[in-house]
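Have a look at the structure below before the remarks.
As written, the chains take the letters A, B, C and D, and residue 1 is the first residue of each chain.
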Amino acid sequence: MTAAERSTAAVADPILDLDDLGVVFSSETGDVHAVRGVSLHVRPGETLALVGESGSGKSTVALAAIGLLPGNARATGRARLGATDVVAAGENDLARLRGRTVSMVFQEPATALDPLTRIGDQIAEVIRNHRPLSAREAAQAAIELLRRVGIPDPGRRASAFPFELSGGQRQRVVIAMAIANDPTLLIADEPTTALDVTVQAEILDLLRGLAAETGTGVLLVTHNMGVVADFADRVAVMLQGEIVETGPVEDILLRPSHDYTKRLLAAVPRLAVAEPGEAPRPSAEADAGTESATSGALAKFAEAGGSAESADSGGSATSGQSAESAESVVDLRAVTVAFGRGRGAVRALDDVSLSVRPGETVGLVGESGSGKSTAARVALGLVRPTSGTVTLFGSDLRRVSVRARRSLRSGVGVVLQDPVASLDARMSVGECIAEPLRVHRRRMSSKERQARVADILDRVRLPRGFARRTPRELSGGQRQRVSLARALVLDPRLLVADEPTSALDVSVQEAVLQVITELQDDLGFACLFVSHDLAVVQNFAERVVVMRAGRIEEQGATEVTLLHPGTDYTRRLLAAVPVPDPVVQRRRRAERQAEAAQARPPGTAPAGNDGGPGPETPGGTVPGDGPGDGPDRDGSNTGGSGVNA
Amino acid sequence: MNTYLYLARRVLQALAVILIVTVATFCLLHALPGGPARGILGPQATPEQIAQFNHAQHLDQPLPVQYGAYLGRLLHGDLGSSYTLNEPVSQLIVQRLPKTLVLTVLSALVGLLLAVPLGMWQAVRRNKPVDYVITTLSFVAYSTPVYFLGLILVLVFSHILPWFPAQAPQGDSLAQVFADPAGLVLPVVAGAASVVAVFSRYMRAATLENLSEDYVRTARAGGSRRGAILRRHVFRNSLTPVVAMLGYYVPVLFGGALVVEQLFNYPGMGLLFWSAAQSSDYPVLLGCVLVIAVATVVGTLLADIVQRIIDPRVKEGRA
Amino acid sequence: MSAVLQPGRLPGDGPSAEPADGVAAGGPRLAVRRFVRNRLAVVGLAVVVLFFLFCFVGPLLYSTDQIHTTLTQVNLSPSGSHLLGTDAVGHDELGRLMYGGKVSLVVGLAAGILATVIGTLWGAAAGYAGGWIDAVMMRVVDAGIAIPALFILLVVSAISTPGVPGLIVILGLVSWLVPARLVRAETLTLKNRDYVHTLRAIGGTHTRAIGRHILPNSVSTIVVAATFQVADAILLVAYVSYLGLGLQPPKTDWGGMLSAGLTATYSGRWWLILPPGLAVILVVCAFNAIGDGLRDAFDVRGRG
Amino acid sequence: GCNGANGSSSASSGSINYALPANFTPNWILPIGTPAHLNTNNVSIAASLWEPLVAYDGSTGGIGWNKKASIASAADFAPDGKSVTITLGARHWSDGKPITSRDVQFWFNLIKANKAQWAGYSAGKAPDNWTALKVLDDHRFTLTFDRSYNDQWMLANELSQITPLPQHLWDRASASAAVGDTDETPAGAKQVWTFLNSAAKNISKYASDPLWKTVSGPYEVHSFSTAGKVVLAANKKYDGGEKAHIPTVNLLPFTTTDAEENALRSGQVDYGYINATDLDQKASFTGQGYNVKPWTGWAITYMPYNFQNPTMGAVFKQLYARQAVQESIDQDSLSKVIFNGTAVPGYGPIPQAQASDFVSPAQKDNPYPFSTAKAKSLLTAHGWADQGGTMTCVQPGTSASQCGAGVAKGTKFRMQVLSQSGSTVTDNMMSAIQSSLAKTGIGFSIKTAPVNSVLSQTPQCTSGQASCKWQLSFFGTAGSWYFPAFPTGDSLFQSKGGSNFGSYSNPQVDQLITESTTSTSNNAVQQYSAALAKDLPVIWLPEPDYQISVVKNGLGGFAQDSLADFHPAQWQWTGK
């Protein structure tokens, strides 16, 4: 779509027109005024992005626009969709509109489809809701739609069940349903948040293409500024149920006027990208793993004092290396982890070697399911490697006695992803923080313990009074700081953080990362930092390890590896990250698409996105635990969401 | 996981369960004080006759030896011979089990046919008067002991209003049983009451849960009407957990049959067990428990298989 | 009778896997409010309270001789001196209802709680241990479920009849299986909570993980299970008398009164049947309704 | 292929629906077998098929020899009482062959060789005391005894057990073997026994196996279901004195009395029964065209004391203590109120529901009438004192005013009974007894179990054994002990009696019991009756009716046999 086209679109009659829209939820705790006085419009062919932090009311606006608000919501004002006012319309009228005039793509591809109905049938159902087609014709049309959204071999895939598809493919199916009847307005509520960056880029490309083809107006709900820069024509910023600023995307992202918008943008971690002129270095060099020594410009890295040699992934056990591993706080050597046995086995880690030296921060990145969390859990001793060795503070975890292992572990602090799930809601904040003390300093008096808790609360910059509160009385960022306090209460030498901020808003994320950085400067602990957010890792870690399908793809100093990646994989990862600058992002997208077009013949699906069930296949939740249930149905893999650049 | 492997594993587990059942029952039975001889031979039997009986039934051997012998015979399909009924246990079960199955299967079917739509209706009308009424009724149905319910049914529908006979069909063969459908009405109703109560609650919960699932919202966003969504999507999705429960309901159905059979003078397996328990007829007791355990295990297995059929995810879910 | 199942609950699903940290999502006050909103639950609670008052305070107001029989006053129909008439050995039926109710309620409560305790410990241990220990422990549970409780009770009744404590133990031992399965399922999700991972990563013991995190967080599941368990136990007590395992004179319980009264069905002595029958049904219904309400109160899901 | 059985009552047609006792399924037709198989109902069916040699029963109203229903026409005892010569009637098997002495000898040989497995066996009694059977001719044989016996006793209790069997069909070692004289060697007799017994284990063949087709009684098997329903058809070849009146007899099994009553109410049963507690509904049954006819049994009912019990045995051994217990039991009220008048008080070892020559005046007059006050003073007179409601021994010792030998100071008078479960009447009786014993100061706690379990758990024992924990036992919901026609107490109250559960032992009584079977007059029995009424070897309890029969109007021609057998051949539709 060219700029000229866009401006003509801007004058056409809006297809969605919200006028003083208000939404109130009546809940047990009282009424929540989730949306107040929102007015906005979307014109044909135009994409309006609705941004704002979590809970600001974005989804509520989107749902109100299609008339799908939950039963406890009351809408006021007007929401005109073509000629119909959604607020006043009855369910039957709305059903006639939905799927034809307006359709919607939801965030979570894992649950948006009926698990028991073949995808072809689900699409056909939407078609037949509005068009007088025979079942066979509708099925044919469904296959055609699947082809349009880029599902390979659509004829066969139409008879697949949702669980047989990867997350990206599922989202494509949902999109196919949404565009089945060429709607005039497409509402997309965080359509890519649950997906890997590479997949996200493809989905956004697809949506953009489809909207351009049919002149569909798009209302895009997101909190990812990169996505906004990538996609939107205009932006509306929401804060606590109200729209604080609206305008063209360049204006809002580059020259924000409202304070809140400014703050929001400032908090977004930015991925530093190599300038177009800078040639990528030959990959052979990267593999040798020696280049980092030459990157003298990396002040922080040099400061950390670590030898620039990264442990190479080959791992011939020379005496020099064992000396090195002796001094590293944690050292994984040729670790392989397989889950399950026989043909169903999953190699979560395959010959992985990595180490973290004192005071150093190592970032672990990679696609969802690449084995990041598993590596972290191996380092923590929560998962026993199938082969290979793990040394923690110089001792092999397998060899030492139970008692010694426990005391070794007192030197480890842990912060995990979800601030809600990582604190036991039944304990007070003080008890949560004191728990490691109770485990390892049994003889400590309660007074000493309290003092220690107060002390550590100061350090994470929480008021001492919080010790008496329960976690649910805190905000997400505060809870994550409590987690951090708990991790630090024993003065650990190693902090393992598995996606510690992926559940948080950018602004909150920034604050938490800030605190970690400061404390690390103070206390000098080493840190193994797992994230799939390259921008965060780039800002936070000195060294980065890139994982793919259980193997280490490459590793090296952050600035080097992430600026001049040595492998295509890393490059693709980086290219797929949208940056919150519309101008830069437009250029990057063009480059990426050009490169991708070269790399593979047209019509085939993007790599990493075909194939059968992706690793993030939700273990279809089967109620009732039949005797056959394995004890460990890991649901944690869906946590791949997060804030990207 | 591969279907055959899965089946093999399930069968192994089933065997383990059955083994545990036999050990437990065997121990329980032999913990009965006094032994069965005097009870079976009656007050007038002489000590010599009692010794003779104990010897003939190997009751004078140590317990582990007896159990070993029992298992050995079991492997050859021999369930032993009733002390009192003058027949091999396997033959008794072959005669009685089909009758009980007619009763339990009919009760379950009738119950489910009522429970599923009722549960869905309740979910759709959540917290409306219908919901409360059905909930209350299902609580009452669940809370009424079957023997009391049976009595009320007989009193009202056989005695006061002579609509149905107070006896279940008396024939020996299934053909004779089915020849008297009116006779089956009251026993099946008595047996079905708790099925309706329990499964309408399950169905209600499952439907409610599914109604709040994302895919319902997706379907609505695609313009599907409520009725269609209920029929096409929610129904099947809600049914899967309910099916999973059915296997575990098998023993409950047999427990119900125990009472229903004796209320309605219907000599099935429940009754066989009842009289065997009164007379300490170990082989029959063991045989019945074994059959029920097998039925339960097979029931859960069937439920699993049905689930695998209606829910393709299950195959993959159990890695 | 179906002590194996509890209505409205899918075995294996604890109250929502969401932040189900018990009373989570809103605190105890909210839980109370949600409970109160469930009308049936409130009625149930009132019924239970009334029956407790009736059985434990009632005898103080309406005292009768429940120890000695009075063969000169048998099978009297209700009158001023015997509000609910007398039974076949001359006990005042209303007094008997209070007297028997005490046993039904106490045995039901105690057995329900005992079953829940056993089931909780077993389920938590199995779920937490995982692997083959879990497999073996759950096979035992499966085996237990495969034998109908009535069958076990029938065999036990063939030995002889226990007293009140014995009855409690027996009922507890035949009905712990459902709570075991529920708690195991709950434990499986809880042991994968981040806070448990965190605790284990820093070297916390298993006992601590179970005792401080998993069990406290299963409280809502356990409490709800216990309520249904009590309902089932009261029902089982009624069955037990029918099977001949009932309590011995002068003690009795509603189930025993009911099955003794049943022989008088066609003699028109309704006062021997209806009161105990209704009492059993009402109390069991009431406990079920309370359980339902508690589930609502604790549950986050299924609200919308 | 059977004619309407479960439809409705069959008064008009040529059939009758008879309700078998609750929870009983017929499962044996062979007139010989083990005790597990030969219970009264099976025996009644068998006796309709194979007529006994001597039908000594209550089918004629009083107890006596019903010659019409017997193969034997005369039994002539030798004057010394040491042998009997029996003459057979001119009778034929249903296949036309005559019934001969050889058929009796066949029975005799089988029983002699297999006595240990035979239901009727008791050491020292038949066949041990029969020394020889000598066939005189086809219709006469002589049986010699080891010493002289009371004629009546021999006839009623021993000869009545003999059933002539079709030797010409059954005398073989296997189904394929030829019929011969296999029974004449003990080994052969064992084989025949095994063959017949295992053939009898195949219930589904009862109606078809030719083995069972040849009968001597008024009926033959038409169908015999494994679930318990038996259809008998009249034996057209029957040439005896008790010819069947009703061509088809349906014997229906019922799971419970309640289920049976439901069938009665809907008119599906012609001859059934009701619970004693339902006697007050008599009117509703008579309104439906039924007669309610109590069926009294030739039985006594009691609770044995376990004299070997380590805690209470010593107390039980004191006559005054047993007397106090007996005096605390109000048999009159129990019979009238609890049993609704369907029981009669029993004060001794001879059944009292029927008038007979055997009852002594002492037993009839109740030596220990109900009086808790007297019972109490009896105990206090023997060194007991009421402590907190329970009598406690305060003066141990053996003198007349002390507790007696073996009773320690501080012993509390508390007894526990293991009682038969499943009957409301029994439960009510137990609570009434508990209540009246409490007035005397005697504790009485009750446990219940099914009757089989009660019998298993209350065996004869010696005080050291673990099985000797029981104190009192009750298995008499329908009467504890059914006598053969001659009510001797040999296995019940003799010191070494096989069914003397409580190990009662009194040499004087032993002597009387032996005399009662051997002396030729009934005087010995009366002395035995008086002695035991006074010595209280057990707690005597009211004797309940065998069943409260409910009989369709128009069904008559029979008396209800107090030996608890039924005789279908006597039933007939009259009037209509």
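In the analysis below, contacts are C-beta pairs under 8 Å (C-beta built on N, C-alpha and C of every residue); 3 or more make two chains touch, one makes a residue touch a chain.
Being a predicted model, the structure only gives us computed values, none of them experimental.
Student: Out of B-D and C-D, which chain pair has the most contact pairs?
Tutor: Of B-D and C-D, it is B-D that has more C-beta pairs in contact.
Student: How many Å are there between the centre of chain B and the centre of chain D, using C-alpha atoms for each centre?
Tutor: Computed value for the inter-centroid distance: 39 Å.
Student: How many Å are there between the centre of chain C and the centre of chain D, using C-alpha atoms for each centre?
Tutor: Each chain's C-alpha centroid was found; their separation is 45 Å.
Student: Just curious, how far off is chain D from chain A if you go by their C-alpha centres, in Å?
Tutor: 86
Student: Measure off the straight-line distance from the CA centroid of chain A to the CA centroid of chain B, and report it in whole Å.
Tutor: Comparing mean C-alpha positions, chain B is 49 Å from chain A.
Student: Touching two or more other chains, which residues of chain A qualify?
Tutor: Those would be 623-624, 627, 633.
Student: In chain C, what residues contact two or more other chains?
Tutor: Correct list: 10-11, 139, 142, 157-159, 262, 266, 304.
Student: Would you please write down the residue numbers of chain D that are in contact with two or more other chains?
Tutor: 258, 265, 422, 450, 452-453, 457
Student: Determine which chains touch and list them pairwise.
Tutor: A-B, A-C, B-C, B-D, C-D
Student: Provide the residue numbers of chain C that touch chain A in the complex, in ascending order.
Tutor: For this pair, the touching residues of chain C are 10-13, 17, 19, 21-22, 24-27, 30, 33-34, 127, 130-131, 134, 138-139, 142, 181, 184-185, 188-189, 192-195, 197-205, 208, 212-213, 216-217, 304.
Student: Flag every residue of chain B that touches chain C in the complex, lowest number first.
Tutor: 13, 16-18, 20-21, 24-25, 28-29, 31-33, 132, 135-136, 138-140, 142-148, 151, 155, 159, 194, 197-198, 201-202, 204-206, 208-209, 212, 241, 244-245, 248-249, 251-252, 254-256, 258-259, 273-274, 277-278, 280, 285, 288-289, 292-293, 296-297, 300
Student: Provide the residue numbers of chain D that touch chain B in the complex, in ascending order.
Tutor: 5-6, 23, 25, 27-28, 34-37, 39, 116-117, 121-123, 200-201, 203, 225-229, 252-256, 258-260, 262-263, 265-266, 268, 422, 450-460, 467, 475, 480-481, 491, 498-499, 501
Student: Would you mind writing out the residues of chain C in touch with chain D in their complex?
Tutor: 67-69, 71-72, 74, 88-89, 157-161, 244, 246, 248-250, 260, 262-264, 266-267
Student: If you look only at chain A, which of its residues touch chain B in the complex?
Tutor: Residue list for chain A touching chain B: 66, 68, 91-92, 95-100, 103-104, 106, 108, 111-117, 122, 125-126, 129-130, 161, 163-164, 174, 177-178, 180, 340, 342-344, 346, 613, 617, 619-624, 626-630, 633.
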